[in-house]
């Protein structure tokens, strides 16, 4: 297992990662970037155990409902790269059963890879979304074939891939990039049916980072995000060699979507869990600020908070039902119920903006106009601000100011914007999420219920 | 146990029940009313077992999660008076534990009553909602004190009550009316803190029935409701004597709301279960009619059905989570989780009209304008109607016509109106349902999550 | 001009109209049907002027904004067949300008027809929606070509048409059926590009009526609809001869959609106007019942009514803007703004069910369970019902009961279901309404605003 | 009239304005602050006319519907301090008529002040919202009376005021602060009934600025806001002397709310106008990015854009109806219709987040993860980014990248958060906006419509 500092060292491996137009050469000491490194390092330190042969308990496979619930919920306390690492391993295991049908030795390669990953305590991020080029054309018909990641060359020992993967949260902060096809492929598109694990520092890999991290000189104005952000990566594979032992699919077009579907389930479970916590957090802020404003007993405020509570409870119920109805595979891994996972994820994403609207409506304009901590420290105006931010006798003006800062930071500033978009987009946009939910719903049963209610039961249908 | 015919006979007990302005003297043979009698009788026949000492399995108490799930779901196959009977018994048992604190012998009376009820295989309906008079005044301050049911006289053997209970589904079709206070009472309102079981045929009881039953001369135009309706009762207690052994609360104002709260849980669980089925049914109709219209592959149709599916799945998830997280009391009864039950019930009720809008949007105007079965039988126009109702090659015009009839009957005619209102009102209106959900939510935990996210954890709060 | 009685006589013209499976031979005396006849007759009597040469002022053409506003609003006071008559004439005039491009004498025929119609004071209904058969196939590709109304034969003097037109409100109660193609036609589909005026009593015309009219024996239980309903017609053209002077399009496929588009505008303007009134009515009922319930000062009740008010105001604003921004053609007819008309119509339809939900939520369960007027007359229970329906000192129990009857009749019974469906479907379903609104919106202007806001104004676009 | 540079000079008047904890001494040269100064200066330059006696046409009073429409729409092209100046003048004129009833010489003072303001071409911001302290207590009952701005001393020549006014957009960038009571006052609260014009540089005035301005080092990453932001002011009156000629209300509690109500109308009209443009802008971005993504023909994308169009059209219709139905006072000023103004403003605010959700759903994750312009300039990755950002043949990768930057800047970053909150809060929060709309709606007319529909017209009401 690695300590946080060993992790920091591991990032000095020659990787080509860019930020604000520059190549970053020392990630652990680069401003802004450094915060994210520290987050990942903290999880390493938290689980570090010097005893030989131990592995991170966060990287074990849940064998029943209780373990699945425990793993899922505890992932919320870890950094996001830890979570994607776990999701990557679970994805490989979920996909493994189906890929076995190809008759190739992918299953063995996956097993070796997963064992290695756990033993060497690395971090992995998942690379799905391709650049896609012209959405109206199949991968094999694009003017520029590189818009879908594909094999451009092949040696006795491995393949050479080219392409780009977008929106890869934490890509620069892990050790491996888990590359998988973005969607189903058809005969003739064999070169696009490629899944493999690529080291971040492999020659040809280039990552451009973007982040919602605050650039304000005073980090105190961003009480949550100043230390809790994680850049997204625009990952470019500029002719990258991958040895066969790290290739998990290579040309079997019929299996191209297996990885994406497997990942989808785990990604949406993670998203749903995060949303359940997030919803409770938004309820909490609404209640706290209504109390600090001295308005928590107003009928219309209570109504809005009650609506928020109902939303938070529904998202939580979907998560609970998804886990309570999980299935255990013959191999002994527990998987959440797909129908409940997807419906809950969709609902949470679609309603997030209403939750935020309610919070802003309850909180008031001071979400935006509360002076900074530096203003509070200014001798001319500090005490006056405190005086005028005070409401009821037992509410301190600075306490209230800090609550407003937190609400702005989390919901009405860069991070809030990031959240609004990712809630919708993670899992593929609301449209894709609707389709997936529909796929897992038992439409035939619903039709039978309807026919029975109509007195048109057995035998009455389409002549 | 009773057979269906014995049940029919049992209704000829001198009860005073009114319909369309007339006293009904022979319920099993009275048009319209007869349908509801037949429904209840059918459940009697279904469970009848001549073996001595047997009782209806629907009236047993669930002891664990699986029994609770089984009982809850199977209640959907029974008539509504069977369901209210079970809810009444569960309510008494739930309330019993708290009422024990009064030190009175209510617990024993309840036990005897419940055992008797199961043995004699009677049907019970629940009477909560009082007339309420001026909503701005407490029960004890009303110009007309009768607007809340109360004790107006008292003998050595029992009490005399006066008042009215509204919206009592099936009141005329059971044997006992389970009377309980509509809300909390205060000191000085002892006479209003009365809970008791009153036989429907007790002198002074008068019930006025209303119903959404179709009055159309041709029952085939209402394929679902023509045989599946249940009148609501406006129940008047015009100085009704109740012996003490049937009195379960008598003056202990602090416990007045215990029964209503207990009933609320079971009623909302029943409502939630019905909504879960109803939602699947609406999805089923949407899919069937989109197929019959030949439009099931249209993108916008699929989008709407997907939204309906997500709604149905969320309601089902809340029900599943409510039961999966049930608690078993020391006495061995399983109770559903209140938070999930209420949030799910609220959401289902609030969104029901959107489900119906989608169904109508998908189905089209023929929901309203499809000719009747009698028109289909008319030699001049029958075949022409069939010809013009036909769509794709494998869709018969009459099949499609019948689907439209069922959709209208269930969602766009009297029953649809009844459903729209009762979905909202059962459990006390959306406002009351929001309040109850809020009561069961852990606001302190939510506030702590928010403070942690704000970096204002322990020690930072209200000075 | 005709009197009401002359109108009644005019219906005894041998027309073949069916109801509940029977041919109706004497409409003015047929139960249920009679009500609708009386409604139309009442408008005749209201405008009757024995002076020779006068015509109904409701059938004149608006020449400016004020006249258009006046005509539109006053149409709400007339029966629905009067409204469709006006819409038919306006549709013909709107279409006339475009049909002139064919070079045929359609314009003259239309002029003669309109003048005749006004002079002979007839009533006209609009027949658009075809049976459509397989929605996936064009009119010319259907296994049964009759599913789109088409010319099946032709003589020197006219055409013979066959087909069916659905959802034709009031079809049996007018004198002429204004037949027009349901959509655009393509070369090869000339026989489907037929628009013409067909007398209701023309040989081969058969109309099957359906209605939401209450069938309850006591009409007092339906205070609004018992005398205010209008059946919809399923209109069959079973080889009907139409002389050329009544044919307004005959084979010019490029102009097939002109009539439907013209009608759409007027139909949606009518729908929008009705919705504006309807929304105010729902607000009115919500306020009245909240007062009668003694709850009009409750915060959550006021909130819901305020939301209803905002909705009603937006619908009214769209109507107001549609008329204020009307255009006057070179021929001197005023036409409402299409964008505002369509957006308002869509919004009103999409939100109608939320308005009703709020009303039901505010009103309570007595919408369904209020005893009938006959019950109020019963000596055993009448006074008790009045007593228990009473709330505040100044609210009479019977007054409150009647309010509930009206709310049920209008929103939670057959008519409410009819309204819910027709609000969505009139104008072609929400999907069609979205498309039409989009068509009239200036997307290029919106794009330019966006580019300017992005600092990407002129010259920056697509390479 | 002033030039931009003269305006810049005018800010060096000793005003005490703070930013990020520091007193700002040279606003025109202070980073971040400078941008806002430049915006205001640009409007000065745009309208500057050296001819003596001319005044800014933006500061004239509209006398009829057309002038009101012109002024309202043209204000969108000016900076926000120009807009608040106009609103301030209109507010004073609107309030003037009512304040005349006091019999004091306020009307003359207002007239002189307005004339002076126009002649000296100053800028004015509006100061309403007080700190408010304990929301449960009236101004006169607060432990700290300063939480509502009030008179603390009085000389022969004027008053001394103390308090704070919050959320004052542009406060530091105008010349005068128009102070007015935040709400109605009661007898005994005379000292709080104070309205007056205070120079920004009056001794005792202190303003703390906050802003959503981007702090990112590379302004190109914020194509819209980097030059288009305006700080909000937390305005403190720390015992500020105001001469009587600048006092417009002084102790007449019955008139305390007159200014706030007048301002409310103009502020909401401004808000509504901005929202109408904003809605069109969001539609424009949705269409542009759907085209750039090559997805503008997808059914679900078109559906979402159509919904956005309908929303934009409704907001525009409300604005149009508000102006078309404006009233002209006897003094010759045109005022918009309050009902339409408020309903439109409410709807736009309440639905803004749904518009943004649709835009984000349509655009995709690249809203967040598109590399910066600096990355595009980097020789290692610039061309690769362009390559992979390219979609269809006629869409340039950099053009698409810039669109994403603009969408993020405007909707998913600091400014987006500011917009989300201010849309809801300007005009007082959704609750206040509902109340105001309700106040202007004709409830009696709605009730009459309902009674008529119920057949309970004249004479049937309450007993």
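Letters A, B, C and D name the chains as they come in the text, with residue numbers starting at 1 for each one.
What we mean here is this: a residue touches a chain if its C-beta (ideal position, glycine included) is under 8 Å from a C-beta of that chain, and two chains touch if they have at least 3 such contacts.
Owing to the predicted nature of the structure, the values given are computational and were not obtained by experimental measurement.
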Practice task
Name the chain whose C-alpha centroid is farthest from the C-alpha centroid of chain B.
Solution key: D
Completion exercise
Taking each chain's mean CA coordinate, chain B and chain C are separated, in whole Å, by 37
Problem - Inter-chain centre distance, chain C versus chain D - centres from mean C-alpha coordinates, in Å - result: 42
Practice task
Let me have the rounded angstrom distance from the C-alpha centre of chain A over to the C-alpha centre of chain C, please.
Solution key: 50
Completion exercise
Note: chain B residues in touch with at least two other chains are 300, 303, 431
Practice task
Take each protein chain as a node, join two nodes whenever their chains touch, and name the resulting shape: line, ring, star, complete or other.
Solution key: complete
Fill in the blank from the handout: chain B contacts chain D in the complex at 299-300, 303
Practice task
Flag every residue of chain D that touches chain A in the complex, lowest number first.
Solution key: 16, 18, 20-23, 129, 131-136, 143-144, 146-147, 164, 166-167, 206, 208, 210, 212, 214-218, 232-234, 236, 238, 293-295, 300, 350, 353-354, 356-357, 360-361, 364-375, 377-378, 380-381, 384-385, 387-393, 408, 411-414, 416-418, 420-422, 424-425, 429-431
Fill in the blank from the handout: chain C partner, complex, touching residues on chain D are 223-224, 277, 280-285, 287-288, 291-292, 302-303, 305-307, 309-310, 312-314, 316-318, 320-322, 324-325, 339-340, 343-344, 346-347, 394-396, 399, 402-403, 405-406, 410, 431, 434-435, 437-438, 441, 443, 445-451, 453-456, 460-463
